[in-house]
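The following pair of complexes shares a single chain, subunit A, combined with subunit B in the former and subunit C in the latter.
Right after this comes the complex of A and B.
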């Protein structure tokens, strides 16, 4: 079976730095971006199975990124991570098609579980 | 007192009178609430040190901001209550907030004080003052059962003095600028700075202090006293990232200690170090170089231990190499040595050994020159199996602490005693690491005992025989390397944590005190599993995966290696380091004694100190609003009606007294709704606790005259002349100037154990100081048995219990209640020393209070 691909976008490098090895240990192929412009460039080339994105960012923010992903890769699933106190925008993200949202700071296990569920659904979308 | 002050005091007093009593208490309640909120925030931040959370800079900035707001609000309330008596606290808050801001921005705040620190004088959080090598050594020094040679560090202050004395700051800075702009090559800049440093003079104070410290270690005999002199870098995790970049010197004679200091300083600017800083963009940090001095051990045998075989890291073996004499031949690989492969598992048997034909050795003392090994020793192993085992055991304790395979330099002296000289991470090629997909195949073959139960308090993997520890166990018998399994997470377990390979509890939180200690000693920990003590069998071999939250049966070497060979632990991320630094200015409590001279706004070193200070001063101010029962009764206080002859006035902060009693001036014990007060009262009024015999002296008279004088002596005027209980639904503060002594109890009871505490203070008595001190130590015995941390100072007893489950706190409050009655008996009935013993025995033998689950 083809490896499941995961894209992480967060302008705080710590998020990708810590999640990448964890998700790789789970058998995913992971790419990390810290600015939305380069993530969007990559999006032009390929659809990842699962996207993890922060909401608040310079340039195109997480909401904008989510819209672009849904437009270009309708079968992919998006997990939104948000800082404390931005639950309102999390709700908006869900309406716009995000699969799940997780508030920062989060336990690594939460993300692993969310990605596992999102992967299953993404695979179903394709099938 | 100056007339102005008198006037101020008078006006201040009048000013306070005008504030309604209810308003004062509302403010006090606010302070308590905000303190609780702040403590929760601190616990939350501390919990993030466990590595299971991903947090970013924003989390850190937001948390510090919230804390500052809470503390500022409390400072405002305190000044409201006290009519602006503590305006200086604002300066302290701002100063601390400023320091935190700098830490958050990634710069260093260095608070240097002394020039020289002995290794055992280095406190938590001093890595920037003494450098990482010295700091790590000082942390290892605290590990049980391992000996290190004596040593001291010429701290960052020495470095700065040296540069200043020789006028080098600006010269070096401008040379480095030319290097950064690539106007000059790294070699030419390095050489130029090196020459300037080597040509400088050591300032007289630094010279004197280094030689004094060295002289002390040599015990005055400088002839034949040798040192190793090493760099101890500052910034980042120096030990990890700058490894090998700076110079070290072995076998340095006393007369060369000062020139070695200069040589080590110069190595801060060697080409490798400068290039590394440029590459890692580390020039925005200050460059500084503390210097570590350690006594050389006159060794019979010395060498190196690799806790893993770098070429075969998946084998559960250590490599031990050694030779006769000093270890340098082994380190530098200059001559034939003995090599032993030793099992990582107990009892650490030697699985293979290659005995070299050891022709050369370094003479242990004086010259340190190479000399021929005597014929009969050449082909003889330089270590016995028992010695090999001892070295491996020590190495594995260190490995558990650093969570990395280590390269350990060791030495056995003539008497066969083991000394650890250095420990540093062992480089192992990442390709050698077992990958997760392979690993999951391995893991499938092992039975899962527990999965996703409880919370990870500290990430990591640990394995060993499960050791169930119960409340009454003798903790000194806990075998090193075992997995500590306990129903609760009481603070007393702290003493064995460094020896545990992992910790599992049924009940407990990631923010509790024990979890904090586990993080400090880096022991993988899972708390709150609910059923671990039932599922795990005594001495069953288990592997605790506190990364995925799974406990397996058996010892899974592959999993242990997988973690050991992890490229970079979460501890080295910038966010984690910043959190660790800021917590040091937030979480510790240094101001524990309200009577200490540093119990002032200026004496506060952390946010916790400030909170403690505000709480105490606010409470004292409330007590001073009345000096007799009537003053409190008039303003809403209620007199407690009971069989016990104690004139107690109760003040309700809200929820402490039944609503039905709202209009009454007297309340009965069953109308108390404050949970902690109920427990204390149950203890105080339990049969046999309160002596009902007629009191042989005028009790009231004693209280009004003697007590007040006495309490103002010992409490700095903070106690009222009345027995006063301030109650909340889950809070109590009881001040009892009973008889000739005083007792202060404060307690909070809530659903979260980490917010629960009891503090108990007691002093005074009618007898001479010897007997009072004796009684204090008897109280200490009783309280320590119950799990309190107790300080005795003369006749003053300060006890504190934290992190208590609901059952424990109720039991302890009951005990405190009995203790109050007991101490009063001592006062009234005490006739001679024998009586003290008798009453103590009586107290201890009285039935244990009924357990309430």
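Right after this comes the complex of A and C.
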């Protein structure tokens, strides 16, 4: 079975630093980006199964990234994480096709569970 | 301090915070203001009192005294006229008697009529003189009086001698000779008596005319004098009142423009207006207190707005700490020492970051009294933008700060000016569409003694019809519960107090530019004069740097 790929995009480097080893422990293949431009470049090359993205960023923000992902990889699932969690942004993200909306600060377990569920859904999408 | 702290560091931080909040600048500023107010109070009351009451009463009393004087003089003069009239009558009567006597004397010599009537008349004249000896003496003097009396006596004696001569019944040449001799003397004496009388009449008539003229002059001159006195009195009283009223109307204008320096003595005495000045000074203090409350409450509102941004921004370091702690908890055993150390360092750093996010806001929120110092406007604006950075990030708007190099410092209160610029920047953020930018440009103003800060947004702009009202208190275009309508009003008050002004220009659909001009620090003394000469219209030239 092909390894599940996860893309983490957050301008806070610590988020990727901590999530990457934990998710790799769970058997995912993880790539970390701290700016949306390089993440978009990578998106041009490949579709990840699960995307984890922050909302507030320089340049293309999380919401724009979500749109791009859904446009290019409709089968992938996107988990939005943000410190600026408001009802409006959550609704907007879900309408735009986000799988989950997690507000900072979160525990590693929450992300793990969300990724696990998203992976199942992504696999189902492909199948 | 008997509080127990979790760590020595925390205790030290609290101690530092205490010393930061300590009495030095703000309390000193407040003391200075209170001392200035007390000094003004003392100086106002230290002068000798010369009340308006006193001036008015004194003036009327002087007028009364003067009128009393005129009246007394006129009454005295009238009395003297009356006396002269009576005396003139007396003299007239005397002259008539003498005239009669002379007529009888003439009849005797011409027609040989009896002498009795002449003697009777001369006795009546003498009697008249004797009865009024005192008055006559006063007018003629003792010498004149005795001369008249002597003349009468001589005349009477001559008549008596003539009468005796008649009674002796002498006839002949001897008789004729004596008679002629007496006749000659009689005529001479009679003539003298008459001329003395006429002379007296003339003199009395003259003094009567004099006395009447005198009373006329008294009336005319005193009227002229009274007119002059009343004019001068009215002038001084009026000038005193009007000048002071004008001064107070200037004070009122000055206070309205935000200058809260207490009124100091302008004259060498105190009066009812001093009470007014004291009331004004009291009012100034109250206004100042209220303004401080208003500024502070408005600042707290800005703090409230910023808190949302801070709370959101705080989630990032908190998340980093949580994730790191979580990982340490779960994988502690599998991590090597180096990794653990690195992660603990991350926790420490992220905690410091959290503290910084909050401390800017706390610095700004702290209440402090006005304190003027030379300020670097660029640095001040950078700090203000940092303060609003979370809000800016939250709204997805870019902010650009541009400044001409080597700008002079301005003179101001850092906290209050930060509040003004924060308010303008938050307004600009509210007006800007997502993804647009805000420009903050610092340049020398058209007036070489001023710097101008332009805050330019590219939002919807302000409609012309409300452009003039935006500085009015309680005017707001924001929804209910979103704006107090005091932001620009308070900002203008603060900038006005700094000797500057806020102007606005706006094009609907193209955005707005708020320009704050502030005096540079080299001319603190001219600040007041400069504000007075500048009007408060909302106008503005072309936006953009002018250096």
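Keep in mind that, in the parts below, the second predicted complex is superposed on the first by the 124 of 127 C-alpha atoms of A that agree within 3 Å, B and C clash if a C-alpha of one lies under 4 Å from a C-alpha of the other, contacts with A are read in each partner's own complex, and residues count from 1 in each chain.
The rule is short, and it goes like this: contacts are C-beta pairs under 8 Å (C-beta built on N, C-alpha and C of every residue); 3 or more make two chains touch, one makes a residue touch a chain.
As the structure is a prediction and not an experimental result, all values here were calculated from the model.
Of the two partner chains placed by the overlay, subunit B and subunit C both lie in contact with A:18. Of the two partner chains placed around the shared chain by superposition, subunit B and subunit C are both touched by A:105. By the touch criterion defined above, A:27 lies against subunit B but remains apart from subunit C after alignment on the C-alpha atoms of chain A.
In the superposed model, A:71 lies in contact with neither subunit B nor subunit C. In the superposition on chain A, contact of A:3 is made with neither subunit B nor subunit C.
Shared interface residues of subunit A, touching subunit B in one complex and subunit C in the other, are 12, 14-15, 17-19, 21, 83-84, 104-109. Looking at the complex, you find that subunit C touches subunit A at residues 312-316, 318-324, 326-327, 330-331, 346, 350, 393-394, 396.
Here subunit A touches subunit B in the complex through residues 10, 12, 14-15, 17-19, 21, 24-27, 83-84, 104-109, 111, going by the rule given at the top.
Interface residues of subunit A facing subunit C in the complex, by the touch rule stated above, are 12, 14-15, 17-19, 21-22, 56, 61, 82-85, 103-109. Put simply, subunit B touches subunit A in their complex at residues 48, 52-59, 62, 436-437, 452, 456, 547-549, 566-567, 570, 573-575.
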